[in-house]
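This structure is in C-alpha cells; I'll ask about it shortly.
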Amino acid sequence: MAIVLGPNQYGKAETHLVRITRDTPRHEIVDLNVTTAMRGDFSEAFVSGDQRRVLPTDTQKNTAYVWSKTHDPDPIEEYGLSLARHFVEVEPIVAARIEIERFGWKRVAIDGTEHDHTWIRSGEEIRTAAITVEKSGESHVVQGLKDFVILKSTGSEFKDFLIDEYTTLQPTTDRVMATSLVAQWRVSGDLDGIDWNGMYAGVKSAMVERFANLHSLALQQTLWEMGRAALELYPQIAEIRLSAPNKHHFLVDFSHFDVENNGEVFHADDRPYGLIQTTVERDDAPPAGDAWRISAGLA
Amino acid sequence: MAIVLGPNQYGKAETHLVRITRDTPRHEIVDLNVTTAMRGDFSEAFVSGDQRRVLPTDTQKNTAYVWSKTHDPDPIEEYGLSLARHFVEVEPIVAARIEIERFGWKRVAIDGTEHDHTWIRSGEEIRTAAITVEKSGESHVVQGLKDFVILKSTGSEFKDFLIDEYTTLQPTTDRVMATSLVAQWRVSGDLDGIDWNGMYAGVKSAMVERFANLHSLALQQTLWEMGRAALELYPQIAEIRLSAPNKHHFLVDFSHFDVENNGEVFHADDRPYGLIQTTVERDDAPPAGDAWRISAGLA
Amino acid sequence: MAIVLGPNQYGKAETHLVRITRDTPRHEIVDLNVTTAMRGDFSEAFVSGDQRRVLPTDTQKNTAYVWSKTHDPDPIEEYGLSLARHFVEVEPIVAARIEIERFGWKRVAIDGTEHDHTWIRSGEEIRTAAITVEKSGESHVVQGLKDFVILKSTGSEFKDFLIDEYTTLQPTTDRVMATSLVAQWRVSGDLDGIDWNGMYAGVKSAMVERFANLHSLALQQTLWEMGRAALELYPQIAEIRLSAPNKHHFLVDFSHFDVENNGEVFHADDRPYGLIQTTVERDDAPPAGDAWRISAGLA
Amino acid sequence: MAIVLGPNQYGKAETHLVRITRDTPRHEIVDLNVTTAMRGDFSEAFVSGDQRRVLPTDTQKNTAYVWSKTHDPDPIEEYGLSLARHFVEVEPIVAARIEIERFGWKRVAIDGTEHDHTWIRSGEEIRTAAITVEKSGESHVVQGLKDFVILKSTGSEFKDFLIDEYTTLQPTTDRVMATSLVAQWRVSGDLDGIDWNGMYAGVKSAMVERFANLHSLALQQTLWEMGRAALELYPQIAEIRLSAPNKHHFLVDFSHFDVENNGEVFHADDRPYGLIQTTVERDDAPPAGDAWRISAGLA
C-alpha cells in the first residue's frame, strides 16, 4: 500500500534546428523541430534528487545539433534512428524516443530557374516521425503527417444515422467534407533499407487519392479506405492511426433573402467539431511495444 | 494477414458551453469546453458506410447542452459522469468518454461588495476532467489542471549530473525554477460521495506547498514530492501523472558591461525546454482500464 | 515622380525579460516583454546598405536587460521612459519607442502566510505601456491593458436597431454581454510625478464598475461610459482608446426538447464577432504626436 | 474642457466564408476571412444608447455571405469594393472598410490529372486586401500578403554598424537571412480595370526575385529593394509598406566538440527578433486618406 514512482521519462523538447548543406553552390535546407526523451531507471533523481545517472537535457540538445552535422538529417527517420541508437549507448539509458517535425521549404524559381540558396516556407503539412529504440535493439518508426487540410466540395453524404430524442440534424446527400488530418503509420522490426522518403510520398499520395475519389457515406468510411490504401501499398506498415476533425462547413441560410444558396456559400465553423479517430491494422502485425508512447507529443 | 479495423472512437470535440444560473438575482457562471467520444462496435460505419448505429456528433452536442440545464454542471465531474451514463444507455454505445475543460471566472467586487452578475475571466489555470464510463458500470475520473505556471526564484539546484563528450552545461546551486504544469490524478471504482471541488482545491494546494517549500535538487525531485503529497492527502487517488516543461530562465551575461548580475536579470526562453514526465502511484492501485485513453486530449 | 524611402523604424521586438529583486529574503518578480524601436534618418542603411548609423537590435536588447538592473522596472512606465531617454542620446536616434507587456504573478500563500520566493502566473489581463520619447523632449505614455475578459449575465439589451433587407437579427432586452477588452489611455506632456501603478489600478477599477453597473443598451454605450469614467478620474489622461470584440454568447435552441432554456445555456462562439472601437477624448487634449505610432504592436 | 466622443467604427470581424462555384463538374473554391467596419456619425449609439442608426453587425455578416453569391469573390478586391459600395448606400454610413484574408487551396492532382472537387490547403502565405470606400466616392485598395516566410542561406552580411558600450554583436559577412514578411501596397483613385490577380502575382514575384538575388548588406537594404521593385513594376501603386521580423538563425557553437560548424547547423530562435518596418513610396503619391486605418487589423 506504498506510494511508488511509476513510469517516467525526461528529455529536451522542441529543439528547432536548421541544417544547411553547402558543399556546392546549390545549397540544401532541412528544418526540424527535434524532441528527445530518455527512459531507464532514473528513480534516484526523483526520490533523493541524486542526478548522477541523469544526462542533462542540455546535453541532449547539443547532441541533436552535432548529429545533424555528422549524419544526414534527410531522411529524418534515419537521423532519428542514429541519434536514438547513440543515446541508448549511454550507460543508464534503456530506451530513447526521438520525435521530429519537419517543416517544408520550396526552392524559389526565378524566370523558371531554380535559385541556389533561397526558399519559401511551404505550409502544406508538417511531416512527423517518432522513433523508439530500446537498448535491446527493438526499434520502431512511426512516420506521419499533421496539419494536412484537405477538402472536397461534393461526393460526400451523411444520412440514415441513429436518431434519439436529442437528434435535430438533418440528413444530407451532398455536403462539403473537410478535415485537418493527423496520420501516423508504424513500421516495426527490420528497419534497414527502407526508402522513407518514398514511403512518405507514397502513403500521402494514396490517402489523397482515396479521399478524393471515394464517394463518401461518412468520414469514418473515408478514413478506413485511406488507411487501407496505405497498408495495401506498403507491407512493411503494421498499422496506421488516423485522427480527423470534421471541419464543419455549414450552408448559410438564405431563405430570408431573394437569393438561392445551392451548396455554394458556407460558414466554415471553428468549434465544436466532430472528431473521428481510428486505427487500421494488419491482423498479424508485430507488437507495438512503446512505439506509441509519446513524449512531447509532436507538439 | 488481413487488413482489419482497429480501435476507434468518435464524438464531438470542444463544445464551448456557458451555463448561467439565474434563479436568484445573484447569478452563477460555469464555463466549459466539453468533448464527448463514443466507443463500441461502429465497424459498419467504417467498412460499408452504414450509419445506422452512429449517434451523430451533433446529437452529442445537443445532449451536452441539455444536460447542463437538467443536471448541475458544478462539479464538472458529476456532470460528466451523468452525461456519460446517459450515453452508454444508447444501444450501440459500449463506453463513453467525456473530457471537460473548466475556465475560471472571478466575481467582480465593487467597493468591497460582490456584484450579482459580472465576472472577470481568471486565467490562473484551467481545470480539467476526463470521465470514462463503460456500459458494464466500470467508471474512472481523471481530475486535473493545465496551464498552471509556477515559479520560484531560489531554492533550486542542478548539479552532479552525468557528463559525456557533448556536455557543456555548468552546474548551479541557485537557479530560477519554473514550469507550466499539467497534472492529472485518477480515481477509479466507487465514485459516489466524493467531494470533487474539495479534492481539486486540496491537491492543488498540496502541490503548490511542495513546489514552494522543497529545496529542489532537480525538477524530477520536485515532481515526485508534489505527486506524493497529493496521494498522501487523498487515499481515493490511485495515481497522478505530471508533465512539466522546464521553462528555462537563463541568466543574462553582463560580463561585458560594468554592471553585476547576481541572479537578478533573466532571459525567459521559449524553446527548447526540458520536459519531465512521471507517474506517482499506489502499488495496489486498481487497474486503470481506459481511464487514460484520450479523445481530443483536453485540447 | 521618384520612388523614395518613406517613414521607417527598426528595433528588437519581444525581449522576454524577468527581473528578480533579491536584496532581502522576500524576493520580488517583474516579468516583461519589451520591444524597442528607433526612429531617425537611417536612409543609408536602406538605400546603400551602409550600417554606420545603425545601433544593432542586439545592442538594444542588451540595453533593455542592463536597464532592468540599473533602473527599477516597476512601474514599467518609468523604466520605459528612462530606457527611451537613453536611446535618444545615441547620436543618430531622433526618437525611441518602447512597448512593454507586463505579465502578472501572484505570490503564493501557504496556510495564510505569503511565500518569500514562489509565485503563480496570474492571467487576468496583460498590462501594457507604450512610451514615445523624442530627442526634443516631447514624450508620451500610453498605458493600457489587453486580454481582459469581462462578462455580465444580464443587464444588457440590443434593440431598435436599423433594419435593411439583409437583417434577420431579433431584438433582445436581456442578453449576455462579454468582451476581451483592449484599452489604452494616453498621457502627454509633463510626465513627472505620476503614480503610474495607482493610475493603472484606478482606470481598471473605474472601467469595471461602469461595465458592471450600467444597464447597457449597446456595447457602444458601455464603452463610452467606461472611457468617460477613466477621463473623469484622471485629468492627466488626454484620451482613451477602446477596442472591444463582442464575444457572442448565443442562447442554445431547446425548442425541440422537452426542456426550457430561459437565458441559462449558451454557446460561446469564436468567430465571427462584433468589433466596436472608439476613442473618448478631451476636447482640449494636447496633440498626440507619435504616441499611437506602433512598432510591434504589443504583439 | 469637455469629454467628447472621438473617432469610432464598428463592424463584424472574421466572417469565415467559403464560396464553392459548382456550375460545371469542375468546381472552384474561394476561402475568405471577411471583416467589415462602418464609419459615420453613430454618436447616439454611444452617448444615449440609441441604436436607430446602427446597422447590426449580424446584418453585415449576412450581407457579406449574400454578396459572395451575387458577386464573384475572385478577385477579392472587386468583391470588397462592391460590398463596400453597397454599405455606403445605407443612409447613416459614411465610409466602409472591408478587410479580407484569402487562404490558398491547391487542386489535387491524381496521376497527373487534376481533380474536379478536391483541394489541399496551401499555406505558403495569406493574401490580404483592405478596401476603404467613402460615400464621396473616394476609394482605396491596399493589397498585400502576410505569413510569407522566406529564407536565404547565404548572400547576406551585417557589419560596420554603430557600436556603443552595450554592443557585443560580432559582424558577419555570411549569415542566414529569414523573415516572415508582411507587405501591403496601396492603390488609390481610379480603381477600374486593374488586374488585381495579376498585380498580386507580379508584386510577389518581384519581391522574391529581389530577396533572392540581392547580395544583402542588411535586411533594411533588402526591404528597400523589394519595395522599389514593386513600385517600378506597377505605376498604379502609390506606396508599399513592409514589416519584416528578422528571424534569427544562430550558428550553434561547436567549439567544445570535435566537429566543425561552417555555417551548417543553426538554432532557429523564436524571440526576441529584430523588426524592420519601412515604407517605399512615390514622391507624388495621391493622399492615403483612411486607406491605412485598420479595423480588425487583418487579424
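Think of it as A, B, C and D in the order they're written, each chain with its own count starting at 1.
Here is the rule we go by: contacts are C-beta pairs under 8 Å (C-beta built on N, C-alpha and C of every residue); 3 or more make two chains touch, one makes a residue touch a chain.
Note that the structure is a prediction, hence the values are computed from the model and not measured.
Participant: Taking shared residue numbers divided by all residue numbers at the interface, is the value for chain B and chain C over half (same) or under half (different)?
Facilitator: same
Participant: Using the touch rule from the top, work out which pair, A-D or C-D, shares more C-beta pairs.
Facilitator: Answer by contact count: C-D.
Participant: Which option, A-C, C-D or B-D, should count as the same interface as A-B once over half of the contact pairs match?
Facilitator: C-D
Participant: From the C-alpha centre of chain B to that of chain D, how far is it in Å?
Facilitator: 38
Participant: Take the average of all CA coordinates in chain A, do the same for chain D, and state the distance between these two points in whole angstrom.
Facilitator: The mean C-alpha positions of chain A and chain D differ by 30 Å.
Participant: Could you give the separation in Å between the centres of chain C and chain D, each centre being the mean of its C-alpha atoms?
Facilitator: Their C-alpha centroids are separated by 23 Å.
Participant: Which chain B residues touch at least two other chains?
Facilitator: 15-16, 62, 66, 166, 168, 257, 270-271
Participant: Of all residues in chain B, which touch chain D in the complex?
Facilitator: 165-166, 168, 256-257, 270-271
Participant: Could you pull out which chain C residues touch chain B in their complex?
Facilitator: Checking each residue of chain C against chain B gives 15-22, 27, 29, 31, 62, 65-66, 68-70, 105-106, 108, 110, 115, 117-124, 148-155, 176, 208-209, 211-213, 249, 252, 254, 257, 259-270.
Participant: Using the touch definition up top, name the residues of chain D that touch chain C in the complex.
Facilitator: Against chain C, the touching part of chain D is residues 1-16, 35, 37, 42, 45-59, 61-63, 66, 90, 92, 158-164, 166-169, 216-218, 220-221, 223-224, 228, 231-232, 239, 245-246, 271-284, 295-296.
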